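Think of it as A, B, C and D in the order they're written, each chain with its own count starting at 1.
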Amino acid sequence: MSLVMNREDLTDYMRQVFPQVHRDFVVEELNEDSIVMRLVVEDRHLRPGGTVSGPSMFGLADVSVYAMVLARKGRQSLAVTTNSSLDFLRKPEGGKDMIAHCRLLKLGRSLAVGDVLMFSDGSDKPVARATMTYSLPPEGSAAAAFG
Amino acid sequence: MSLVMNREDLTDYMRQVFPQVHRDFVVEELNEDSIVMRLVVEDRHLRPGGTVSGPSMFGLADVSVYAMVLARKGRQSLAVTTNSSLDFLRKPEGGKDMIAHCRLLKLGRSLAVGDVLMFSDGSDKPVARATMTYSLPPEGSAAAAFG
Amino acid sequence: MSLVMNREDLTDYMRQVFPQVHRDFVVEELNEDSIVMRLVVEDRHLRPGGTVSGPSMFGLADVSVYAMVLARKGRQSLAVTTNSSLDFLRKPEGGKDMIAHCRLLKLGRSLAVGDVLMFSDGSDKPVARATMTYSLPPEGSAAAAFG
Amino acid sequence: MSLVMNREDLTDYMRQVFPQVHRDFVVEELNEDSIVMRLVVEDRHLRPGGTVSGPSMFGLADVSVYAMVLARKGRQSLAVTTNSSLDFLRKPEGGKDMIAHCRLLKLGRSLAVGDVLMFSDGSDKPVARATMTYSLPPEGSAAAAFG
């Protein structure tokens, strides 16, 4: 299967659907089954000691899988996260952006699953791992996606 | 076992260790094995459509378990989240605070585990469920808690 | 909402759909939103040292949520587990059955979520915690449930 | 870091510590940060319809990460699973062995984390995904690993 949005389309669309947060995220690479997303780390993402906060890493993983689903399914802004698991592995490096490498593991009729490894920019040791499941509403339906 | 901090101590301490976010959270109840925490929902916690964002719910669950551990173990600000799982069950009600009910399931020497049900204020239908695991550094040690 | 199968119906039906394992499980209690399930521990469930094995605890949690869904939705043997998380909290007591207390957190059109606390029989300290998500096929459809 | 056990050592040791189940598993490949493990599927691993059971897939993921930890840390049979998450993505192919590809994401002083993709033998579409966390007892200590 192939992409229905390219990197530019995806970036434009995220600007519309995430007006509060789109500036935080940059699509670095986009392939049929994978995406690389940057979190531009600002003070508001940090905890005391310079650590990137848990909610910021959750948000990065969530946006990465959502963007991957959008790029394959098109403008499904009704898709909702139904499940996530995260493992925090190492302390992030202070002052560095976070880079998420996401693989799409499944894109079914009603569920999509992606997993994500997150790194401090320039490092190859994973800071965190996440899996996200999205529920996809029936096509052409405005029904809520909360199955 | 008993609490080593009461509700006022805990609130004071959270003000110190979470200067950026402490205003978001209010300890509503505190018992030996459970805590009730309110997320005071503001615009910055919302997604388009008035839904409380995933990162905000992650943050609420995380702070709830952390506060419970603090209240039992004392000022262990080095404790770090190592694992979390979240299930998103229903759409939160727009404009309502979120209320987290957290149970402490385990408080061992090196690991603590708590689970959390989150509700829109005034509703008894859970919006989300979470489990959080914290790694606790050896007592008297300044070593990093990332086991 | 109410139950469409009682304890006897449920026990009979599990005998049909789980011919290999139904003898391992006993429905102890059944309510509208909760179920108590016993795992009758035999040698084959044990690891060296007398610990109940991880796969056996996974199986107990999985069967508990599945039985709860059956009791509410009827004979939906096509429902499949799509996600699970487990936390192992304490060593089970050797030679004791395991007792699972399961709450149904959500029963939607396409997804059901239940959580489970597991205890050694006679103890009130949880040995393990689990959450299971089931995908439910559209009613009247023989389509696979793997969304 | 390097391996302290090779494939033969590891196979011998698993025979000792898992007398009930070692015949089910074959170490196919072993590298410094990854392992490939085969589950030799027999009737007892199946559910009606020929599907490999959830507990069997849990067991495969668990053994894969445990074997990887052993190969790096040595004969740490006290290590215990503290957390797991699994996503079931597709129906396994009937009558095929299951092949697990495990990556070691973290090997710390007190915690090890590995993730696993599981495939029906001969297919490149993942059937299931898992992450397992192991608690490691302090070296030279016989203390329980349940932190």
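One rule holds for everything that comes next: contacts are C-beta pairs under 8 Å (C-beta built on N, C-alpha and C of every residue); 3 or more make two chains touch, one makes a residue touch a chain.
Everything numeric in this text was worked out from a predicted model, so none of it was measured.
*Asks:* Please identify the chain with the largest separation between its CA centroid and the CA centroid of chain D.
*Replies:* Using the mean of the C-alpha atoms as each chain's centre, the farthest one from chain D is B.
*Asks:* Between A-D and A-C, name the chain pair that shares the greater number of C-beta pairs in contact.
*Replies:* Counting C-beta pairs in contact for A-D and A-C gives the edge to A-D.
*Asks:* Go ahead and note the Å separation of the Cα centroids belonging to chain A and chain C.
*Replies:* For chain A versus chain C, the centre distance works out to 32 Å.
*Asks:* Once you find the CA centre of chain A and the CA centre of chain B, what distance in Å lies between them?
*Replies:* Roughly 23 Å, centre to centre.
*Asks:* So, what's the distance in Å between the C-alpha centres of chain D and chain A?
*Replies:* About 28 Å, centre to centre.
*Asks:* What positions in chain B touch 2 or more of the other chains?
*Replies:* Correct list: 82-83, 85, 87, 89-90, 133, 146.
*Asks:* State the interface residues of chain B toward chain A in the complex, per the touch definition above.
*Replies:* That would be residues 17-20, 44, 46-48, 53-56, 58-59, 62, 80-91, 144, 146 of chain B.
*Asks:* Enumerate the contact residues on chain C facing chain B in the complex.
*Replies:* Residues of chain C touching chain B: 85, 87, 89-90, 105-106, 113, 115, 117, 126, 129, 131, 133.
*Asks:* Show which residues of chain A lie in contact with chain C when the two form their complex.
*Replies:* The touching residues are 82-83, 85, 108-111, 133, 135, 146-147.
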